[in-house]
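Have a look at these structures, which come just after this line.
Heads up, the next two complexes both have subunit A, just with different partners, subunit B and then subunit C.
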Partner chain A sequence: MRHGRAFWLFVGPFAIGLLVFVYVPIAWSLLLSFFDARNTVTPTEFVGLRNYVDMLTDAPFLRSLGTFSVFAAFIVPLTFVLALALALLVNQISFMKAFFRSVFFLPTACSYVVASLVWKLSIFNGVRFGLANTVLGWFGAEPIAWTVSTSPPWYWLVLVTLRLWLQLGFYMILFIAGLQRIPQHLYEAAWIDGASRGWQTLRYITLPQLRTTSVAVLLLLLIAAYQAFDEFYNVLGTDRGYPPFARPPLIYLYYTALGSGGQDFGHGSAGAVILTLLIAGVTLLQGRVITR
Partner chain B sequence: MRVARYLALSMAAVLFLIPFYLVLRNGLATEQEITAPTWTFWPSEIRWENFAELFSNPAVPMVRSMVNSLVVAVLQTFGQLLLCGLAGYGLARIPYRYANVVLYLVIATLMIPAAVTFVPTFVVVSTLGWVSDLRGLVIPGLFSGFTTFLFRQYFLNFPRELEEAARIDGLGHWGTYWRVVVPNSKGFFAALGVIAFVTSWNQFLWPLVIAQDQDSWTVQVALSTFLTSQSIDVVQLFLAAAVSITPLVVVFVALQRFLVRGVTETGIKD
Partner chain C sequence: MISRRRLLSLAGASALLAACGSNTGRGGNGQALKQWYHAYGEPGVQQAVERYAKSYTKTQVDVQWNPGDYDSKLATSLLSDGGPDVFESTPQISSVRAGQLVPLDDVFGDAKSDFSESILATHTVDGKIYGVPQAVDMQMLFYRKSFFDQAGVRPPSTVDELIDASRRLTKGGVKGLFAGNDGGGGVLGGPALWSAGLDYVRDHQVGFDDPVAAQAIGKLRELYTSDSLLLGAVKDWAEPDAFTQGLVAMQWTGLWTVPAIQKALGDDFGVLPFPKLTGNGKPSVPVGAFGAMVNAKSKRINEAKEFVRWLWIERTDHQEDFNLSYGFHIPPRKSIAGKASKLTSGAAADAVKFVQDNAKASNPPDWTSVMRTAFNDAVSRVVRDGAPADAEIKGAAQKARDELKRLYG
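And then the complex of A and B:
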């Protein structure tokens, strides 16, 4: 019994908070998702599965999943390969190692809002004095309206480079930690066996030894891309609202549940439940990787 | 080979530093200079007056939003370390019949990324009347199942001999935790604390949802509002961005050791 009291002394405050701010919201949301709830957070009229049917047949909602897929198809492999490349390069040098590591890691200090500001108003500003257009101008090319042009959809270049800059350093650190766990004697044995120092040791030792790190990084990248919101909102949003294209799931949900067109918590909750179920599988896999 | 490596790294480093250069260049120039048709690499004259103009502009709540961000980040950092540290220790070390039930409830939350549940959380927090309120900004972010889980894993590997020595000295669980476990885990607490601070300072979606009155804006919400509406001039916007980064640059320079450790410990955290 004394153990019970001590246990709750330690765990109680956290457990109550978890209940109130995680479990109650989820339960409430499940409830709301079966009701009509416009501009109110109390359920008004029971509608059964209608909110779910509406969401799953709603073209913009399905398009938002498509937008996520396109974004993930670019950002996940690019970040993975470039972060691994940076980690390998930084890990192989000795002079100025800490300097390079710090430089690549420094963008983590910036928020997505700050990065969006730089990308939207300076690098990819559509006018002639934007950095990208200035560089194009040196080659005699015409300026491009980076964030508003839809054909070709240049905004993908803006959004993908932004996230790359911001997250590469973080994943590089994870890969460096993984590389440092590889026992040195594996390499020595391979060299004695005549393996070349470059490609062969990478292919047969480094990459297989990095398997756990790689799986974790891939899942993390996928989950992070799924939750993309900040840079889309800040780069593409204006005071006249958000354009009809390039709306990833959370942007869509934000405008459904909290947008200026009225707060629709019934549909918003149904959307949140669907998105949670879609991501739960991936995170379950992630949980198994990290708890191992 | 060695030369090629340094060449590749140096080119990458230049690319990585360009955005920082742009923030400073655009924030310390005049608007005419940075919107001129030919590129100026550095303002012909650094305009330090821009700082005074930014901080005295009544339309930009710069001081207020920086203070809000600082209060939120400090409270969330220490609140998380306190609550999740205690809970992690209880789950790791105090035998109790229902400890496993609680542990499963914690682990189950790891499957749900916090950002996906912003609508449900908003519903509950608005019912509590915490919209545009410090409590609404800070409290929902304190109960991180992931941080608690990391603490539990860490305490499972804490040397038992130290705790047993404390027990022999007559300390209970509470005394052992505060006098022996915490002082011997400073590095781990610092690592998770730095990550919590950086995450809190940079978070955007939740403050955007909950801080609806201008008085409760964090610095990210303030920057975003002026960016999307473009209601203040570009130079001030960039200078505001530079100011908003400063606390984290300080953290990076002073505490990088803990930050790197935090990233590798929490690698899993988004």
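And then the complex of A and C:
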């Protein structure tokens, strides 16, 4: 097919942007991963697979991959179920539908950085007049250092509630779109066949019809879990660096590649490639399992 | 000085502002020299450095103020051709080895002997000086005299006394000590080593590969579990707020907060170095200085060097203003520090004395980010998770040894 001038006029700038800002950096990073690239992006010393071997035997990197596999196993189903539940509720009600839809979707428009600072500095700060600690104080409990304490690891409560608040609305909208595409006559046919409103129609009509949406949502959730950065960096990071727990792979790689005084693009890029392969692998596996 | 007030959210804004920078076309070859600073928290500093740059007549100099993650931003820009000509930082051996910095030995001239030796040492790599120190920053322990009197506690002179004091001063909504929202692992790791007579790196060797290091770091764990630390404060250790609001009896913070603390508490506070652990150890204060450096990729190295010489060596009045008119810093030049009246009394005078007697480099050039991360991770796991200190320290020492071997062979 031949494309006219209009096609390139509209697609061209976007394609060029994609090429320059996405594909070239990806290829460059792949190249860097085979070099000793300390404090330079035009390295000369080829080291083969050594960076990969180093990263695969690097305990903190492996630990961060492990932590975030557990994190994904927890946050993905939780967000999925809650987003679906919200979508069903909002889709059911007959009054102020647009209002509720907007209210739940609104946090999606909020900056991760801003939300992180609100969570860290006003809701979950550790002093006695923080919001969460004030509430605890009503029941006579001692203030808790939410983002500091590691036993119990209260910081997960902060991070998970923050992530849910930011993300639920977006996935809810995806589910609502999916729900609205289910033809009404399917439900009517089911009722005639004696299916009860509620659990039976949900189980046999709604969920199967939502399959495409569900696969897409799961995929996006999984990628988002492994790519966690913003809220972790802003809630747990300090000017002294990032603590060794709850450290997302991307944050570890960020410090490896761009940390002050030790820029190491070779190892950073190798880690990024490993992470990409891991995400791709898990995603494919998940697709396999669900669509079977 | 570590760039200490970081707001990632503002990084984008600074790029926008920089894009709007005006170029009036003044100056010989059309383009202005680019000079970068990180964002100082004290009001007035930005206007001051812009004023200095404006009063330089030989070349036009555009100052860029960089809020956010300055270290990463600077390091990235040094890789490209678009970086600054002149910037402030502390030299790292990796940047020197990568040929990113211009040696500035010839810029000093006769003034070299006027700079404090220990500060110049932190800007020296492989025998060459890469930065002209602008302002010396140091950290120390601040304590409320009235709180100590009420509780009948004496200012601590050993680590055990510090832990004991912190415990006894914790009551009625007041905590004993605030040393950062991470429980002290970040800022007190170095002082803990020094308290036991150890160091990060010594003569190209790991300075903390010693059983005593585990004991010293174990003390931080003891402090953390004493239930007397303030954790999760709204502003972190670099700001005096927790101390001035009376949330704590002691806080670990920097000399730069002295004007704010004086304003809030009058003379109801005193300062101390981090105490010693044992007989072998010494009290210590971490000291560091940002220096003006020249980018080796700059197309106008000579003009950049001349500007640095003019700004921080010829114009002693600028150094004095920069160090003393906003937050408190110690001028790196002895002649200026000696006649600074603001540093001759009270807490500031004590600080100057600590720097003379107990200074330790907070960020030595060969303490690389790999070593720092390994050490900080180990300390954090010991302090916050109760991991066994000897094994953690050994692991960090091994990582540091590998890195030193890579650097020095």
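Quick note on the criterion: the second predicted complex is superposed on the first by the 255 of 292 C-alpha atoms of A that agree within 3 Å, B and C clash if a C-alpha of one lies under 4 Å from a C-alpha of the other, contacts with A are read in each partner's own complex, and residues count from 1 in each chain.
Criterion: a contact is a pair of C-beta atoms (placed from the backbone, for glycine too) under 8 Å apart; a residue touches a chain by one contact, two chains touch by 3 or more.
Since we're looking at a predicted model, the values are computed, not measured.
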Using the superposition on chain A described above, determine whether A:64 touches subunit B (first), subunit C (second), both, or neither.
-> neither
Partner chain in contact with A:17 - subunit B first, subunit C second, else both or neither | first
Would you check which partner chain A:145 touches, where first means subunit B only, second means subunit C only, and both and neither mean what they say?
-> second
Thinking of the overlay built on chain A, is A:39 touched by subunit B (first), by subunit C (second), by both, or by neither?
-> second
Answer with first, second, both or neither: which of subunit B and subunit C does A:243 touch in the superposed model?
-> second
Partner chain in contact with A:25 - subunit B first, subunit C second, else both or neither | first
Does the superposition put A:126 against subunit B (first), subunit C (second), both, or neither?
-> second
With both structures placed on chain A, which of the two partners, subunit B or subunit C, ends up touching more residues of subunit A?
-> B
Considering only touches as defined above, state whether A:258 meets subunit B (first), subunit C (second), both or neither.
-> both
Once the structures are superposed on A, label A:167 by its partner contacts, choosing first (subunit B), second (subunit C), both or neither.
-> neither
Shared subunit A footprint, subunit B vs subunit C, residue numbers 41, 111, 113-114, 117, 121-122, 127-128, 233-234, 238-239, 258
Given the complex, residues on subunit C that touch subunit A span 2-6, 8-9, 71-72, 75-76, 78-79, 92-95, 97-98, 100, 173, 180-183, 186-187, 230-234, 236, 238, 242, 247, 368-370, 372-373, 376-377, 380-381, 384-386
Subunit A to subunit B touching residues, read off their complex | 3-4, 6-7, 9-11, 13-15, 17-18, 20-26, 28-29, 32, 41, 86, 89-90, 92-93, 100, 102-123, 127-129, 131, 134, 165, 169-170, 173-174, 177, 216, 220, 223-224, 226-227, 229-230, 233-234, 237-239, 250, 253-254, 257-258, 265, 268-269, 271-272, 275-276, 279-280, 283-284, 286-287, 290-291
Write out the stretch or stretches of subunit A touching subunit C in their complex.
-> 38-41, 60, 111, 113-114, 117, 121-122, 124-128, 130, 145-151, 233-234, 238-241, 243-245, 255, 258-264
The residues of subunit B that touch subunit A in their complex are 2, 5-6, 8-9, 12-13, 16-20, 22-23, 26, 34-37, 39, 83-84, 86-87, 89-91, 94-97, 99, 102, 105-107, 109-113, 115-127, 139-140, 142-143, 145, 148, 172-174, 177, 198, 201-205, 208-209, 220, 223-224, 227-231, 234, 237-238, 241, 244-245, 248-249, 251-252, 256, 259-260, 263-264, 267-268, 270
